[in-house]
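Notes to accompany the following structure.
So that you can tell them apart, the chains are marked A, B, C and D in the order they are listed, and the count of residues begins at 1 in each.
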Amino acid sequence: MSAKTILEVRNLKKYFPIQKGVFRRVVGHVKAVDGLDFVIREGECVGLVGESGCGKTTAGRSIIRLLDPTEGEVLFRPGEQEVDMAKLGKDGLKRIRQEMQFIFQDPFASLNPRMTVGRIVSEPLKIQGIGTQKERMSRAGALLEKVGLSASQMGRFPHEFSGGQRQRIGIARSLSLNPRFVICDEPVSALDVSVQAQVLNVLKDLQQDFSLTYLFVAHDLSVVEHISDRIFVMYLGKIVEIADSQELYESPRHPYTEALLKAIPIADPKLGRRREALEGSVPDPSNPPDGCNFHTRCRYATDLCRSEEPVLQGQQGNPEHQASCHYQNELQLAGYMARGAG
Amino acid sequence: MSSNGQEERQKKSLSQGQLIWRRFKRHKLGMIGTVVVIILATISIGAPFFSPYDYTEPDFGQAYTPPQRVRIRDAEGNFTRPFVYGLTQEYDEVTWERVYVEDKDEKYPIRFFTRSWEYSVLGLFDTDLHFFGVDEGATIYLVGTDHIGRDLLSRIIYGSRVSLFIGGVGALFSATLGSFMGGVSGYFSGKVDMVVQRFVELLQLFPQLPLMMALSAAIPTTWPPLGVFIGVVFVLALVQWTWLAREVRGKVLSYREEDFVLATKTAGANDLYVIVFHIIPNCLSHIIVVLTLTIPNLILAESALSFLGLGIQPPMVSWGVLLSNATNLQTVGENPWIMLPGVFILVTILALNFMGDGLRDAADPYS
Amino acid sequence: MAKGDRLLDVVDLSTHFRTEEGILRAVDRVSFHLDQGETLGIVGESGCGKSITAKSVMNLVPQPRGSIVGGKVLYHGNNGTVDITSYHHQSREMRKIRGNEISMIFQEPMTSLNPVFTIGDQLMEAIMLHQRLGRAQARQRAAEMLARVKISNPEQRLDRYPHEFSGGMRQRAMIAMALSCNPQILIADEPTTALDVTVEAQILNLMQDLQDEMGMAIIMITHDLGVIAGMADRVLVMYAGWGVERATTEQVFYTPKHPYATALLQSIPKIGVRKRLTSIPGSVPDLNNVEGGWCYFAPRCAEAMDICRQKEPPTFDDDEGHTVKCWLWDKQQTGIKAG
Amino acid sequence: MLSYLIRRILYAIPMLLLVSFFSFIVINLPPGDYLTTVQQQLQSQAGMSRDQAVAMAERMRARYGLDQPFVLQYANWIGGIVTRGDFGYSFQHNRPVSEVIWVRLGWTLLIAGLCHAVSVIIGVLIGIFSATHKYSIGDNIATVFAFLGLSIPNFFFALVLMYLLAFHAGVHVGGLFSPEYVLAPWGWDKFVDLLKHLWVPVVVVGLAGTAQNMRIMRGNLMDVLNRQYVETARAKGLSERKVIYKHAVRNAIQPVIMYMGMALPFLIQGEIIASIILNLPTTGPSFYYALVNQDMYLAGSFLMMIAVVLVAGNLLADFALAWLDPRVRYD
């Protein structure tokens, strides 16, 4: 991968205050996102996985400034110029919206029930003041065709469509401004299995046709594996491992990744019989454990893990594969393939 | 696919508004209420046309005439067109009270589109055409007369103008104020929200009626009736708006976090755009429902204030003003029909409540 | 009763709902059976009727709009065979079975416990009702059950309220509650859908352990083929209210007969296999007021024939109990597959 | 829990101050004051000249502090209330306000409280019945009753009831006692006589509240009956009675309790207007005449005390809620 960097995130943090007591004083913070560092290169699809509450959705929303980050830089380089999304003012943000878009999880909540599909899809163009009404509508029609719907359905309302169709309308809307970078926030997790495949295929085709870069946020590891070139694994507000998709599944470097892979349900009666389960549950994100975040549930944890926080760093001889584990070079962790699948 | 595919497709090209209307049509009580409201509105708009008498004209000789019965069978038992008997006054020999007796020899058929007193239509031209009446020389007091012999029905019809107008305009005014305050406070949250919410809470800590009484008492007695009328509308709206403000705020708060609003924001929309094109249209049906349910509250409040003499001032009439003649128990006992304006209040409020309830069910079927 | 004995025979079960648009045939002549100690998986997408099938077995169809309109649910319990559909849903007989012989857990662990009562109260309720134990003994038993579902400090946890439990813990508490009276059958309606993968694995493992220990049969309802593959002995595939295929788990996964089952298996992404996913075109038909007389899957089926659009397919049964509701398996129609 | 309660109480204090200030503003809105009326009377009835009357009124203004700036007047008033329980002077009654309001406020609270209890109990029971017998004849009747209850203006209802009782049933109505008991010392007979009179205002004022509680309970219970935990309770094998009364009602009643705080204003305003018609010795008539006569301290004190009662009512409702729902306690 030698493509140029499109997005670089440095030390991104998003804390939510917790208020308590008689005077509603701020007594602490939920550290939803606690220092993310990564780069995304042009044209790739990066999967951001983790369990609920790990901060993946907050991360996505902080990058596109649906939430204002508490700290950190979000350097976005759609063309020659670089901007810091985290510091943009209103006007700059509006301009940059043309380059960075967002796809929402819930296909029912993300479309305004009182607008026709044509208006929904063409609305971003109207907001940005691009083209005439007629041009905007014809672009909306073309986009609907592109996602496998028909332009003749533009006059209909969202409630007349099924979940999968609605999600495709949402995708068409996010592409109307011809963005370079799209954050997909669990775009298929609300859909049925048979429809999920339709949407995944549409997303893949569009990536090719419009040369898009995706940040694909999801909890379903098989979906993420299917669509991503590289994968970031998040745990308790931090990235614990970054690797090429295939490499991550074959030879994970972080015990949490290993645990996740062991828990994936396999649709094969011979292989899927018994999954090895990670014990315990995720610690309170307002009061994360000392040392390594994961040590409370890690089967390999030592005193070092309990006292000292590991940094996310490349492996010996393989700087592209990063993990935040003190023992990443020593541990022999089992990949998904070890379960006999693939 | 199947034979009902056609129907499927037809069913599916409806907007939210049309869907609401379809559901509303199925709500029986709501439809009944709507029909009653339309009839009442028609009568109050065409008040002079529907009033058989001039509502301001006293006829001291006819004071406290009881309601006259409309008959369709004459003394011989034959069915005829509707008519009333003439009335003669007699004095009770024991108590020396005036009593009205039907004179079975004088039959006066009820005539439609008759001519009697003159009125002007929108100040454009004068006419004396009326919906119904009887021939000269007889009287038709369908719900009786008051203490100075004014036709109560005509007074009720004119009173409906004031009562319905106050309800409607007051509700519109309070809805505008309430939606604006609620919307602003919900959308911008933070300090603005704090201030508006505390103010709303403060107002809501006072029971509405005593507060309205106190505020109405502040309207100078020297003002002309029209001034008092406008003052009353303001007082009602000022006390009432908080309720809607709270509801709108809640709606706005929930819509503000909806994905479709966030999606619009990621397309670069500013707050104004989001409010105008996304939040208001989605709140609108809710606001209309609350508006419909506010009207009966205001009619009720107006009638209570006027009943106590703190609202509309004579010679202007409203249902509450008419009822204020019924405060003396002895008078009511002797002339119970003077309570009839209350029945009109009841029916109107009931109809509006039915309508509002139907609208709410139709607009928000899952709540 | 020994492992392998027949526990439940569901024959042509039909459950309908009255909706604003007309009659919704949520479950339409579905048949299956369940043996002692085994796990039956019912799989299908949202709206296929799998949850309503489970609720019909419990005689808990949402009232007053839904009702069981046909078929039998024969339960071969300790007191002989009874037809559950013949009982009124609030009858004493039915209530003796519910929670005692047949138990159920639900999809949303967050909402399936009553927020205003402690976990202990809710656990003891069923124990006191069915086992006629006093409060102290019931509490004892409740604590045992919590320990059994691997909740630490069970004694203290009994006095906690549901909102103080995490999602996984609540589902454990639900399982403890469901199993507190040693039921013959546990119906699990999407028990792990709302949970994370790692917690899902914990819960499924727990269910398997408890099944080994206690010997109850499980009906596992899910849309997740991975969960089915990991848990079920036999599988019923549902589509639009129909049971379209029924066989052992191996048969369904390795030699599926119904085109829907085949397509479903192909449409899930498999790790390590990066080829384009085969998607099923279109979406599930609206089941309100559909007129029968055709195969509901035909519009989405790659192999649909003329007859599929004209006549409802019957259910074909091979000799090994692998049934399929599809015209492709009719010898008169094709002769290829049915050969 | 404790922090929740303390927070609610601390929050009520500035609210009370605001309430008193607002009451004072409202009462001062009318142009002129009580002494303007006095001045006119002195001129027309006592035959004083205009100058004499004005001078006399001014002297009285100075005596009662009415010539001071508004804010100072308020400060004096609220200071008197807080430090001495002195609510000012009632010009109309020629007595300190505190001597006038307490008894009347007591009766108002008694009647409103009774109405509250009756309307909650009956309303909730009918609501439970309605929700569990959805769309049955009984439910339809209850629904129509509820609409009627919400739609009938309660002064009109009071009027009709009085008329029917007085002229068709021949019962003594109006007031809280029959004439012969008004001045009589307390005793069993007087108590019975009170009950005979009390039910009229209770019915008049309680009707709307009952209807409202019924609607709320019906809606909530129907909603709660669809919740998953109700199904869980059924799946346990509990009887329908237990499912409804233990599991569903307990959850559905919370909004009713929340509403109890909000319902108080309606009950009090209902009581006020009904009292004027039924001529009861409560706040209603007194407040009304104080307003009409610009007896500002009396009217202001009434308005403020009513609001204070509501603040207290809301606090109680909050506490009840916290007691009922562990999630609120948890904070």
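General remarks:
By definition in this document, a residue touches a chain if its C-beta (ideal position, glycine included) is under 8 Å from a C-beta of that chain, and two chains touch if they have at least 3 such contacts.
Here the structure is a predicted model, which means the values were calculated and not measured.
Listed by label, the chains touching chain B and chain C alike are A, D. Of the two chain pairs shown, B-D and C-D, the one joined by more C-beta contacts is B-D.
Look at where the CA atoms of chain B average out and do the same for chain D: the two points lie 26 Å apart.
Each chain gets one centre point, the mean of its Cα atoms, and the points for chain A and chain B are 56 Å apart. Between the CA-based centres of chain A and chain C the separation comes to 32 Å, rounded to the whole angstrom. Counting only residues that touch two or more partner chains, chain D has none. Contacts with at least two other chains are made by no residue of chain A.
Contact of a single residue of chain C with at least two other chains is seen at no position.
For chain D in complex with chain C, the touching residues are 134-135, 226-229, 231-240, 247, 250-251, 324-327, 330.
Per the touch definition, chain A reaches chain B in the complex via residues 64, 66, 90, 93-95, 97-98, 100-102, 104-106, 109-114, 123-124, 127-128, 155-157, 159-160, 170, 173-174, 177.
Chain C makes touch with chain A in their complex at residues 45-46, 166, 168-169, 196-202, 204-205, 208, 223-230, 232, 249-250, 253-254, 263-265, 267-274, 276-281, 283-284.
Across the complex, chain B meets chain D through its residues 29, 198, 201-202, 204-211, 213-215, 217-218, 220, 296, 300, 303-304, 307-310, 323, 326-327, 329, 332-333, 336, 339, 342, 345-346, 349-350, 353-354, 357. Those residues of chain B whose C-beta lies close enough to touch chain A in the complex are 12-16, 19, 258-260, 262-270, 273, 278, 281-282.
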